[in-house]
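Across the two complexes that follow, subunit A remains constant while its partner is subunit B and subsequently subunit C.
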Partner chain A sequence: MREYDIVVIGGGLAGLMAAAAATKRGKKVTLLSLGSGTLTIGGGIVDVMGYLEGGIPAATPSAGLLQVGEGHPYKKIGRPAIEESIRFFKEICEQEGYSYIGNLDKTQWIPTAAGTLKPTCLVPKTMDTTELKKADKVTVLGFDALKDFYPSLIAKNFKKIPAFAQKEYEVVMVDPKLSEGRDVTALDVARWLDTEEGLASCIEKMRNVIDSGSVVIIPPVLGTRPDYAVKEKLEKALGCHFIETASVPPSITGLRLRTMLVRYLKKNGVRIVEQAIVAKSIVEDGKCVAVITEGVDRERTYYAKSFILANGGFYGGGLLAEPGKVIEPIFNLPVEAPTDHELWANYSLFSSEAQPFAKLGLDVDEKMRPLDANGKVLLNNVYVAGRNLRGYDFSFEKSGNGVAIASGYQAAMSV
Partner chain B sequence: MKKHHNNPDSCTACTVCIANCPVTAATRKFRGPKMVGPTLERMRLSQDDIEPSLEYCSNCKNCDMSCPSGVPISTLNMLARAKYFKNRKRSLRDWILSHGEKMAKLSAATPGMANFGMKMSRGILKKIGISDKAPLPAYASKSFSKLFKNLKQTSYPDKVVFYPGCFINYNDPQVGMDFVAVMQANKLEVIVEEDFVCCGSPLVVNGFLDEAEENAKQNVQILKKWTDKGYPIITCCTSCGLMLKQEYQELFHIEGVAEYAKHLYDADEFLLDLHDQGRLNTNFGTLNEKYMYHAPCHLRAQGMGLPGVELLALIPGLDVQDADAGCCGISGNYGFKDDKYDISMEIGSGLFKAIKDSGRDTVVSECGTCRLQIGHGANVKTLHPLTLVRKSYEAYHK
Partner chain C sequence: MQKTTVVVIGGGATGVGILRDLCMRGVDAILLEQQDLAYGTSSRYHGLLHSGGRYAVKDAEAGKECIEENTILRKIGRHCVEQTEGFFARTHLDDEAFEGKWVEACAKVGIPTIPISVEEALRLEPNLSPKIKSVYRVPDAAIDGFRMVWQNVASARKYGGRVLTYTTVIGIEQSNNQVVGIKVRNTLTGEVSNIACDFIVSAAGSWAGEIAALAGINVNVQPDRGTLIAFNHRITSRIVNRLRPASDGDIFVPHGSITILGTTSASVNKPDDTVPNAKEVVELLNIGEALFEDIRSYRMLRAFAGTRPLYSADPNATGRGASRGFVTLDHAHDGLKGFVSVVGGKFTTYRLMAEKVTDLVCGYLNVKTPCRTAVENLVEDTSPALMAKARLYFPAYGAELAASRLGSEGLEKVIARIQEKPEKRQLLCECENVTMAEVEEAAADSTSYMISDVRRKTRMGMGTCQGAFCTFRSVGAVDANGLSWGKDTNVLFKEFLQGRWKGIRPILWGNVMREMELTRGIYEGTLNINGAIDNEGI
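For the complex of A and B:
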C-alpha cells in the first residue's frame, strides 16, 4: 500500500499552507483537492485582524490578536505560531519571486474598487500604498468597457475620506480595444498585459494620458502571473507608481497567489490529486487510518499517518447545514449549534456584532485536533485548519486568510 | 456530492470557471463557461435559446475541475450543443471529424483510399474547414486489431479486457501492443472485443449526441458483460476512459454504467493498484533517460491524480518531469478545425514553451491527440508511459 506521512483534505489557502509547512518539515504529502478554493473568489490579500467585537477597528493586527475571545482560533494557535506562520508565508512568496509586504505591527488600509479603504495585513507589492499616501495629486485610471471599476466613483468617494480629502484627483481612461466579443473584466485586461504586444500598446496609450511621476490607482490588472514583471515594466517605461485596488471575483490577486503556492508545492514533491471528493474516513481506536474519495467510477482509499482537514466552511463544502444541525461529513465530528435555527443569524441590519452562524464550526485544542463537547480530543492524528474552525466570523472581523495561514501552519507543525 | 447531477442551480455565479477556462483565455469570442453553461441553461430549461459562442467550448473540462460547486459545466455545454444541432444541417467537416472510426474502416476497405485523410489534398480539407496546418494523424498500415489477432499471447488464468479506442486502433497501434506486452509481463492475458465501437467522444463534441448514444449502448452492453464475469476493463486513452465511465452517466440514461465503471481502469492506475497489492512485476531495467510529462486534461478530471508519473517513478534511472503547464489546446478534434486552429495553438503555447525551455526532446503523455499536438507545437518526439514501462522490462532481460 502507498502510505503517505500526511494527507491534506482541501486545496484552499489553509490546505495549501498546511501542505507547504509539512513538506518543509520533510514529510511526504498528498493533497486531495476539489475545485480551486475560495482564493480565486475572495482574493490574495491577507487579512489578519481588522475589526474587534463591536466593530471597532483594531489598532494593528497584533493588537487585534491580543483582544480576541477565548474560543477564537488565534487564541488556540497562540501568538508565536501565528508570527512564525506569517514569516513562513512571506518566505515562500519571497523565494518564488512574488513577495508580499506588511507585518503584524501595522494595519494597511488599501483602496477598494468602491473608493473606500479596507484594513488588511499583508498585500502583494502591487498594492503598496506608500506613494499614494505621500501624493498630493492622484490619478485614477480606468479601462474603457471594463465592468465593475468606475474611476470617477473612486475619486468621488476618496474625497470623503479625511486622510485623502486634501488630495487632488484626476480621472483618465485607456481603451484596451478589447470590446470584441464578451464583456471586459479585469482578468481580460490582465491577460492583455501578460502579452508583450498588449503591454507595449498599453504603455503607448498610457503615455498619452498620464504624466511621468504620477501616482496611479488602477484595477487589479497587473498581469495574471505571480511575479512583478508587468508592474516593473510599466513603472519603468512611464516613471509612475501603480497601485491596484482590491478586486471583485474572479480575483486576480487570488489567482496569482494560488498559482504560486501550487507551483511551490509541486516543486517540493507534494502529490496533488485534483477532483478528489473525500466522502468518508476509516477510523480505528481514535486514529484515522485512511480517507476515501468517491468518484463517478469508484472509491479510492488514501492511507497516511496523519490527516489535515482543511476543506472549508459552509461555502467550501467542509460543513453542511441541515435543519437544526450542522454536519461535518467526513469524520462526523460534532459541531455545536443552537437547535433553534432562528438563533443562527443576527437579524439586525448593520449590526456591529459578528454573525453567530458564521462562528459555527469545529472546536479544536492548541494542536488543532478536534474536540468533543467536554474538551476531549476525538481523533489523535487528525488536525483541522481554515474556514471550518469554530469561533470567528472572518467577514466581520476581517481575518479570513490570516486564520487560514496560521491554522494551516499550526496543523502541519503539530503533526 | 455526486458529480453527475446536471443541475445548473448549484451555480453560485462565483466566476471561478471563467478564470480557469483555457479557451476564454485564448479568445474573446467565447463568452466563457459560466455564461454559456449554467446561466443560460437555466433559460434553456424554459425556452429554446442558444448562445452563439457555445461553439467555442472544447469540452476540455477545466471549468468542471475548478468549480467549487460541482456544476458539470462542460456537459451542460455539450447537451446544449446537441440541442442546437437537433434540427439543423451539419457541415461535412464536422461529420468527417466526428466519424473517424467510419473513415478509418472505409479507407481500410478501399485500398486506394489508404490514408485518405492525409492523401486527400490539404487544400481540399481546408476548403471544407479543416486547417491545413493542423497535425492530422496518419492511419497505421495495420490496425491494432489486426496486429493483435496475429499476436501469440501466453495464456494466464487472470485476464483483463482492453478497450483500445479509435486512436490506438487506427492511428497508434504500437501503444496497444506495448500495453499487451506489459500485461503479459505481469502474467495477465488480454482480451479484446471485436464489437467495441468508438466511445463517442468525437461525436459528442460535434453535437451528434444520438449517434453517440447508440455507440454508448453497444459499448455498455459489452463492458457490463465482462465486468459481470469479474474481468477488469482497461483503457490507455484518457478521453475514452472519461467518456466510458463519467460522460455516459452525465449525458445518457443507460443502465449498467455505474456498475462496470467500478472496474474500469486507466492502464497506469491499474498497474499502480497491482503494485499496491504487491503483485506488480517490478523487474524494471534501468533507463538512464530524461523526459517531460504532460497531464491530459481528461486525466486530471478523473480524480486519480497523475498515475503515469507515479508509475514511471518506479523505473530506476528514469527522470520524468511534469511540465505542469495546462491544456495543450487540441481537445480531441477541436484544434483540427480551421477556425479553431489558432486558438488551439494559443492555448498550447504555454506548454510548448515549458517543453522547449526544458531542453528535453521527448514528451510522455497518455492521450493520443495531446501527443500529436505537442509533437506539432513543441517539435519534439512523444510517447505513451506504457512504452517506457515495456522498454524498462525489456532492459531488465538484456
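For the complex of A and C:
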C-alpha cells in the first residue's frame, strides 16, 4: 500500500493549481485526472471578478472581490490568500516561459470573437490590448475555412463600442489551404503555425494582405505550445502586433495553459494518473482513507493523508443534477438545492441576474472543508476546490479560473 | 397598397395548404403569418402522421379522414414523411376490454391493424417494456411539420403565391357587409399597412377566435396545451401508441435520430401559452415508463409545448372531450361576406381541410379548376444526376438529408454556393448535418429575419448541443453575408439561445445541465454577449 500525502481529484485548473501549491509545500502528490476540465473549453484566460449582482461591471477585479456576497467562495478564501494565489500562478507562468500579464487592480477588457469586449484579469501576452488601444487603424484577420471565426463580425461590432468607434477597421483573409473537405478548427490552424513550413507559408500570405506596423486581431491560433515563439516570429517578420481573441472552443489558450501546468507538475514530482474515474471513497471516523477509481481494467485504491476534491461542477461531473436534487457522487456530500425544480433557473437565459442553478454546490469552511447544513465540518481531511463550490456563477460574474486558482491554492495551503 | 384576391391568415400547415391549393387553382393569394412559418401549432406537436387508430373508437369520422389523408401525404409529401409504421401496444396497466373495441372500430373505418406476438414486437423494438400484453401494427408514420409547411410554401410560390411573415392582423376592412381588405402590422418594424382583397380565410388555429373577434364574430376555439419531450435517441424505430383511450403521454414518435414523447392536455386561456414546466416533464416520464421502462436513462434534448385549436360549437366542451374534427365556418351566416374561418382538425388532415376551404372560396369566386393537391407532389424528386452532383459536395449521409430538406431547387442553389466557395461545405451544425451553404441559403429567403427562422428551415441548432456551437457560427455567417436583418448581432445571439433555453429549462438536469454549463460558459462567460457595451476600462 502506497500512501501519498495528498491525492488531488480532478485535472482542471483548480486541481492543477492545488497540486502545484501542495508540491511547493513539499508534499507528495498524486493527481487523478479524467480530462482537461474546462481548460480546453475556454480556460486560457483568468477572470477574477467582472460583474456584480445586477450586472454592474466591477471597477477592478480587486474591487469586485470586496463586493461579493456572503456565500461566495472568495469570501471564504479571503483576500490575502486570493492575492497570494494569483502571485503564485503568475510565478509559475513566468518560470515556465509563458508569462501572463495583468493584476488584481486593473480590469482588462479583451476582444472576443463575437465582437464584444469582456472583462478579465490575467491574460497571456498574446491578448495584450495595449497596442490595440493606441491604434487608429485595426486589421481583423481571418482564415478561409475556419468556421469559428468571422472577422467582419468583430470589425462591425467594434464600431459600436464607444472607445473603439473612432478606429478604422479592415478585414483581411488568409487561406491556410487546410480544408480539403474536412472541417477546420482553430487547433488545426495553430498546429499549422507550430510547424516551420506552416509559419513561413503563413508569413508569406500575411505579407500580401497586411502592412508593416499593423495592429492585427486574429483568432487564437498562435501555436499550441506554452511559449510566445510563434507570436514573436510572426511579429518580427511582419513588423506587426497580433492580438488573439477570446473564442469558442477548442480553446488554444487553455490548451497552452494546461500543457504548461502539467509540465510544471511533472517537473516537481507530481504523479499524474490520466483517465482516472474516481467512483467512491472509503471514509472512517470522519476522515477519508482512500478513494477508488474504476478503469477499463480494474478498480484501484489510492490512499492518502488528505484529499482535494476538484472534479468540477455539473459540467465536469463532480456534481450530478436530478429533478429537484443535486448529488455529489464520491463522498455523498450534501448539496442544498430547491426541491421545486422551477426555482433552479430564471426565465431569461441572459439578464442582469445570475442563474440559481449555477450557484448550487458544496458548502465549505474557510479551509475549504465540506460542511453540513448546520455548518459542521463533515470530513476533516477532505478539501474542496473549483467549480463544485457553491455560491458563484462564473459565466455571469466572469470569475472563471479566478475561483479555481484561489480555491485550489487555498485547499492546498490548508492541508 | 398591395392587392390580392384572397388573404390567408396563418402560416401553419392548414394556412400554407390553403395557399398552395388556391394558387394551384389560379387564384391570387397572400399568406400572412404573425411570426415565422410553422411557428405555432404545426411545429409544436409530436409529428405523427396518424393512421387514425388513435381516433377510431371515439371519433370514427376523424379516424376515417386520417387513414385517407395518411395515404395521400405519404405520396405527395414523401420527403417530409418517414414511413415508420406504428405499434399500438397494450401495457399491463391498460384495460383489456378496450382492445377488442379498438380493433373493431379500426376495421369499421378501414384502418388496417395487424396483431403480432409480444415476442415479435420485442424483436422489432427491443427497448419496449417486456411487460406489454399485446401489440398491433398500424400504418402510422412520422412527418416533419417544419418541412411540410416549408415545402407547401415552396410549391405555392411556384404558382405565384406570396408569403409575409412577422405580419400580424390588426383589422378586417369591410364595406356593405363584404370584406374589402385587411389591416396588418409588421411586428419587426411596427409598420402598419392595408392589403385590399375580396376574401379572407382565417386558418389561424388557436388564434382563430382572436382573428374572428376583429370582425366582431364569435368563434369558439379553446386552446388546449400539450407538452412534449424530445429525446436525443431513436428509442424506437416505429411509432408506439399506448393501446388505451386517448390520454396523456401515450405516443412515442421517432424522427431521424430523435424520439418525441407526448403529450399532456390542459385547457389554457392564451393560444401562446407554450412554456413547458418541469412538473409536466416528470409526469410524462412517469407515464412513458409503462411503454419504455428505462425512459429515464435516455438523454432528453428539450421539452416543448403547443396549443391545439379545439373547436366546439358547444362552448363548454374542452380538452379531450372536444372533437378533433374540423369545421369550415362561412361567416356570411354571421353577416360578413368574404370571410371564412377553418377551425379544429389536426395536422394529418391539413390537406383535406385546405381542399374543403378552397372549394368553398372558389365557389364564391366562380373558379372551376379542380383541386389537385392530392395528386401533385409538394416538391419534385431530386434527379439522379443532381444527387450524383450533390454527393461530390456532401458527405454520403448528408447528401440525402440535404436533398430531402431542400427539394431539388434548393439543393441546386446550395450546391452553387459550395461550388463558389468550397469551404462552405463545412458543417455549421454538426449535430444535424447542416452545411454553412445551406444556412446561408435559408437565411437569404425573404421570410427569414432571425436565426430561429433559419433553424426552422434547416434544423440547425436542434440537435444534441442545442446551439452551443452553431449559434456562434450561424450569426457569424449571416452577418458575413450582410444579412443580420438590421439587428445588432448580440440580439440575434440572445434571441436564438433564449428560444433554445425555453425548452431546456424544464429538463435542466443530467447531461442537459452539463450542456447548459458549456453553452453559458461560451456565450455568457467567454463571448460576453450579455455584457455591458460600455466599458470604462478601455
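We adopt the following convention: the second predicted complex is superposed on the first by the 409 of 415 C-alpha atoms of A that agree within 3 Å, B and C clash if a C-alpha of one lies under 4 Å from a C-alpha of the other, contacts with A are read in each partner's own complex, and residues count from 1 in each chain.
Please note the rule applied: contacts are C-beta pairs under 8 Å (C-beta built on N, C-alpha and C of every residue); 3 or more make two chains touch, one makes a residue touch a chain.
Model, not experiment: these values are computed from the prediction.
Superposition model on subunit A: subunit B and subunit C are shown accommodated side by side without a clash.
By the touch criterion defined above, A:321 lies against subunit C but remains apart from subunit B after alignment on the C-alpha atoms of chain A.
Annotation for subunit A, partner touching more residues between subunit B and subunit C: C.
In the superposition on chain A, contact of A:168 is made with neither subunit B nor subunit C. Once the two complexes are laid over each other on the shared chain, residue contacts for A:336 go to neither subunit B nor subunit C.
When the two complexes are overlaid on their common chain A, residue A:357 makes contact with subunit C while staying clear of subunit B.
When the shared chain is aligned, subunit B comes close enough to touch A:277, but subunit C does not.
Contact with neither subunit B nor subunit C is seen for A:372 once the two complexes are overlaid on the shared chain.
When the two complexes are overlaid on their common chain A, residue A:38 makes contact with subunit B and with subunit C alike. When the two complexes are overlaid on their common chain A, residue A:107 makes contact with subunit C while staying clear of subunit B. When both complexes are overlaid on chain A, the residue A:91 reaches neither subunit B nor subunit C.
Figure legend note: subunit B and subunit C, brought together by superposition on chain A, show a least Cα distance of 6 Å.
When both complexes are aligned on chain A by C-alpha atoms, subunit A residues 38, 41, 181, 249, 315, 317 touch subunit B in the first and subunit C in the second. Looking at the complex, you find that subunit B touches subunit A at residues 1-4, 14-16, 18-20, 25, 27-32, 35, 53, 64-70, 245-246, 249, 258, 261-264, 272, 276, 300-306, 310, 322, 324. Partner subunit A is touched in their complex by these residues of subunit C: 275, 277-279, 281-282, 422-423, 425-428, 430, 436, 469, 472-473, 475-477, 479-480, 488-490, 493-494, 497-498, 501, 505-506, 508-510, 513-514, 516-518, 520-538.
Contact residues on subunit A toward subunit C in their complex (touch as defined above): 38, 41-42, 45, 47, 50-51, 55, 57, 59, 106-109, 112-119, 133, 144-145, 147-150, 152-153, 156-157, 160-164, 179, 181, 183-184, 246-249, 313-315, 317, 320-324, 341-342, 344-345, 347-351, 355, 357-358, 394-396, 398, 400. Partner subunit B is touched in their complex by these residues of subunit A: 1-2, 34-38, 40-41, 178, 180-182, 185, 187-188, 191, 249-250, 255, 263, 266, 271-277, 293, 295-298, 300, 315-317.
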